[in-house]
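Two complexes, one shared chain (chain A), two partners (chain B, chain C).
Up next, the complex of A and B:
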């Protein structure tokens, strides 16, 4: 580091908190990678100029993405999953709706495909020393897409009080805010500042007010329902007159009052066409009726992966299949049997066969390698049939055991279930399959079965994966796993605001889960979007957000 | 005739009432909680409970049935639980789309298959008869999703002669709308052609072999007159019954074709309603299909009785 770089770095350090300086120290010492540093610094609320100075001083560079020669104007036809219900931010729980919300509404921050947070309606944020209070500076002079506004701190406060309120009908944000934020914890400091006083310390709180929490688009304080009539928000697009037909399509026009003068949308508008069936959407894309198909599976979209006229945007995500092994009932009440089952699985072959390589190896815990806080030094579990048979013998189950595997007929899950049957069969775990529709699985079997496969969507941070399915008090604890040591590790993880402290706890969690094996996680899979070659500038995220703001048609 | 009509209408109303009870109980027997279906499996239990209460699905079943049927009788179909819009709005659009698709399919398949059946009967045992009967049966046996994909790949993606997009702007002229509906109609034509043609052929053969046809021929009537005035009138009665019973299928049973072509008809709407456990939408949708089905059957009965007086007079005996 030269003297000038050191001087500028010192200048940046002066204005930073102890936590932020600690993060800089970690980067300089090489204990965290550049990627990990950027991700963590954005959580702590580093401004972009400050981040740039630190990275430059440490001889790294950050090149912004350019959109190429996109022409102004035009509309895109977008094939999209049919929304599962009313278009209402608070009810939203599916890709069909969250993608639409993100065109007309915006969040305090955007969680990008690398899990970095980018300021949007907040300009910066900082935690207190123990992560129990987070203070956000709110962007000024932002208008809503109906021309009203400007958006105020009162709007932000009202939005989050509503999202944290358990008495609000159908409030889907509660699963994120439960035990984290209560309505009384949201307060206005001044006309530019909002303070969140948390129920408990949380080092990853900014993700809960970002696009990762898709319910959290900022709405006017006066909002009282009926979003599907107005599509109100501060986003780059607005509802075209008469443009929403339930279950059929949504047409959006460019928002002429969009707040960012340097990043006005190129497109005149977007026409979202809803599809219930993936094959029919893929056929429509191939026939040229669609310019973009927001998400496709490897199973149905092999043709798109090799189509020379199609660009596939491939985003690794933390979405995964969780195979729970119920620890309080035979046969998986013996951890040797659980470990044996885990050792019987050939993960690389599964990834190749089911995902054509479009998935990442996972290690039977939800601290995926994509998370900067994961401890990647923990060895990857690999297939070892000899050891698995030995474990079965040690458990006194050399003659084998019988178990029923319950799951849902969704995407590749039945195929995964069949591969588990085959894997178990090699070591004497005789698995009988019970495949049902999703509704029946979640209503009857999910939390009451000896073995099951559950589909978990993407999360920008692993907190939810580590709590709901694994804590003794976890509401999605299908394995009925109750381990006080684990519960203690989780508490340490959540309150760790410092990255090295998070990594230290992560290692313990990963070791413990590998030993106890309450669940198998063979892979986390990619989010695939098909785009015609003429389209450029589309940014996607693991959550399923589509940022069309800087997308357009190339000349 | 009036008495015959009144008796049929009364029977239809009783059938509808029985249908209302069955569909109400069946939809409530679907597994799972409505609030959880709407909010997703990972929703907070408190959110699910408040939503269930606001939707009224936590009330006793009898109260829910009486509220629903009372509204239905007065033309109030309620609000969709999933989409928060009036059920009538969704149903009218779905029904309208289904009727359009069914009409185009009918216009193509009914004359074509009746003509095919007549030709096959008149050329009985010859090559043309074999082509029509075997070809028609083969087409009927093919699943709709297979024929749909093949037709899309050939006519829309490879040859580009018909558009894959079924939905056209609402202000499009009727010819444009029909043009967009031809492709999804073709799998229906393939399914129904063989069936209707074979029924027509069988009716024709029976009529051709009857005494009254022999008498007409022996009277010296021209063959064309014999076929049109004596044979067809009797031969088409089973065909009318078959075509009428296919109306219910064409209006409410096209889930596969509507899904393949992403066409928002009543079949796809019902499928969505069932997967969402959207009671008002399921119940009103099934009742609508039931009304269409009974209406078509009633029309068939009337046509049948007009062609065959023995039917309408049978009740007096």
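Up next, the complex of A and C:
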């Protein structure tokens, strides 16, 4: 590091908390990678210039940006999953709706495809020393897409009080805020500042108010429902008059009052067309009726992957298929049988064969390698049929066991189920399949089946994956896993604010889950979006957001 | 005296019946549609019985690294999306449909024949009630009714057989009733009544053998519909669960590959269904020609 770089780094250090300086020390010492540092620094609220100074001082290059030759104007036809219910920010829990929310609404921060946070409606944020309080500076002079405004701190406070309110029926944001934030914990400090006082320390809190928590678009304090009539928000697009037909399409126009003068949308508008069937949407895309098609599966999208007129945006995500093994019922009430099932699976072959390599190995726990807080030194579980048979014999089940696997007929899940049948068959676990539609699976079988495959969407931090399906009190605990040691580790993980403390707890969690094996997670799959060659500048996220603000048609 | 007269009459009737069937058999052997249909159906029956010996691979064993291979010497019909041998799955897939379709048709034929006999024989209020109920069921499309029932009680092979069979019963009942109405006017029925034979005896021993022609034709016609209906229900996900090599289910699982011009996982099971349906229809057509002469 040269003297000028050192001087600039020292300048940056002066304005930083002990926690932030500790992160810089970790980077200089080589204990965290550049990628891990960037991601962690954005959580702590480092501004981009400060981040650039630190990275430059540590002789690393910043991420290059690209720009296409995009012309002004035009509209794009976007093929998209049909929204699963009423278009309402607080009720949204599916890709069909969250993508639309993100066109008209905005978040305090944007969680990008590298899990880095970018300021949007917040300009900066900082934690206190133990991560129990987070203070956000709110952007000024932001107007709503109906021309009203400006957006105020009161709007932000009202939005988060509503999202943290357990009395609101169907409040999907509680999957993030339950036990983290209560309505009384949101307060206005001054006309530019909001303070979140948390129920318990949380080192990853900024993700919960970012686009990762897709319910959290900022709405006016006076908002009282009926979002599907107004599509109100501060985003770059607004609802075209008469442009929303339920289950059919949404047409959006450019928001002429968009707050960012340097990043006005290129496009005149977007026309989202909803599809219930993926093959129908792919056919429409191939026929030229669509310019963009969001999240397609490798199984159905073979033709798109090889089409020379199509660009495929491929983003690794933490989205995964979770195979729960119910621990309080035969045959998986014996952990030896659960471990045997896990050892029967050939994960690399599944990734190659089922996903054409567009997925990453996972290790039967949700602390995926992509998270900087994960302990990557824990060995990857690999197929070992001999050991699996031996475990079955040890469990007194050498003659085999019978079990029914319940799941939904979505994308590659039926194929994965068939592969699990084959894997189990090798060691005497005879699996019968019960495949249903998604509604039936989630209503009837998900939390009440001996074995099931559930689709989990992307999260920028693993907190939800570690709590809802695994805590004794978890609301999505399909495995009925109740382990006080695990619950304690989880509490330690959540309150750990610095990266090394998080990693230390992560290792314990990973080892415990590998030993107990309440769930199998064979892979994380990539988020694939098909885009016609003429379209440029589209930014997608693992969560399923599509940022069309800088997208357009190339000249 | 009457006994002396009746014995030669009975002998003559039995002999005439034997002669008629011999004549029909001769006609059948000269009816190409019947022969072709029978040959194709027999081919699939043999495939179903000897599947384990004929099929080159285990139809359920995935080989995901060799998925979607086009037809070749190693895999005559190629491999599907999980790398399973399509030829083996088509051969084994014949088992499900060749058990379920005849059973469903048999159930419908037995039920429908019983209803038709009772309605045609008793007439009056019994006929009115039975036929109005039958009309009500006929107003509902079989597939739609089957979907509603299967959605309510859950799909399984047994449920599919019951639903299709019960769906066919009203159709067969109408045909049988029409045949019974004309038979019931004939002298041998009047004679049986005069002998004070019980109604079930008259219906099932006297009348039934004389309406077997239409019943057989209706059975074969319905068999073709049953194959198609069961394949359709499997395609819609209401039949045998995966990973069974059922033809309809296979098409449902693999049809999305058509978008990428990967036609073989879908074409061969589709051809298999088509061949059985066409063969059964040809057989029904031929049988109808033979029985009408």
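Here, the second predicted complex is superposed on the first by the 552 of 555 C-alpha atoms of A that agree within 3 Å, B and C clash if a C-alpha of one lies under 4 Å from a C-alpha of the other, contacts with A are read in each partner's own complex, and residues count from 1 in each chain.
Note that in this section contacts are C-beta pairs under 8 Å (C-beta built on N, C-alpha and C of every residue); 3 or more make two chains touch, one makes a residue touch a chain.
These numbers come from a predicted model, not from an experiment.
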When chain B and chain C are modelled together on chain A, clash or fit: fit
Geometry of the superposed three-chain model: angle at chain A (Cα centres of chain B and chain C, steps of 10 degrees): 30
Which of chain B and chain C A:172 touches, first, second, both or neither: first
Contacts of A:201 with chain B and chain C, given as first, second, both or neither: neither
Partner chain in contact with A:302 - chain B first, chain C second, else both or neither: second
Partner, of chain C and chain B, that touches more residues belonging to chain A: B
Which superposed partner A:164 touches (first chain B, second chain C, both, neither): neither
A:270 touches, of chain B and chain C: first, second, both or neither? neither
Contacts of A:24 with chain B and chain C, given as first, second, both or neither: neither
Chain B versus chain C as contact partner of A:283, first or second or both or neither: both
Partner chain(s) touched by A:443 [first = chain B, second = chain C, both, neither]: first
Superposition-derived minimum Cα distance between chain C and chain B (Å): 7
Residues of chain A that lie at the interface with chain B and also at the interface with chain C: 279, 283, 286
Residue numbers on chain A that touch chain C, as the complex places them: 278-279, 282-283, 286, 299-300, 302-303, 306, 349-350, 352-354, 409, 414-415, 417-419, 421-422, 432-435
For the chain A and chain B complex, residues of the former touching the latter: 82, 84-86, 88, 91, 93-94, 166-172, 174-175, 178, 228, 245-249, 273-277, 279-281, 283-284, 286-287, 289, 437-440, 442-444, 446, 468, 475-476
Chain A contact footprint on chain B (complex, rising order): 30-33, 35-47, 50-51, 54, 82-85, 89-90, 93, 149, 152-153, 156-157, 160, 163-165, 167, 259-262, 264, 268-269, 271-272, 275-277
Complex contact set, residues of chain C against chain A: 60-62, 64-65, 67-68, 81-83, 237, 241-243, 253, 255-257, 259-262
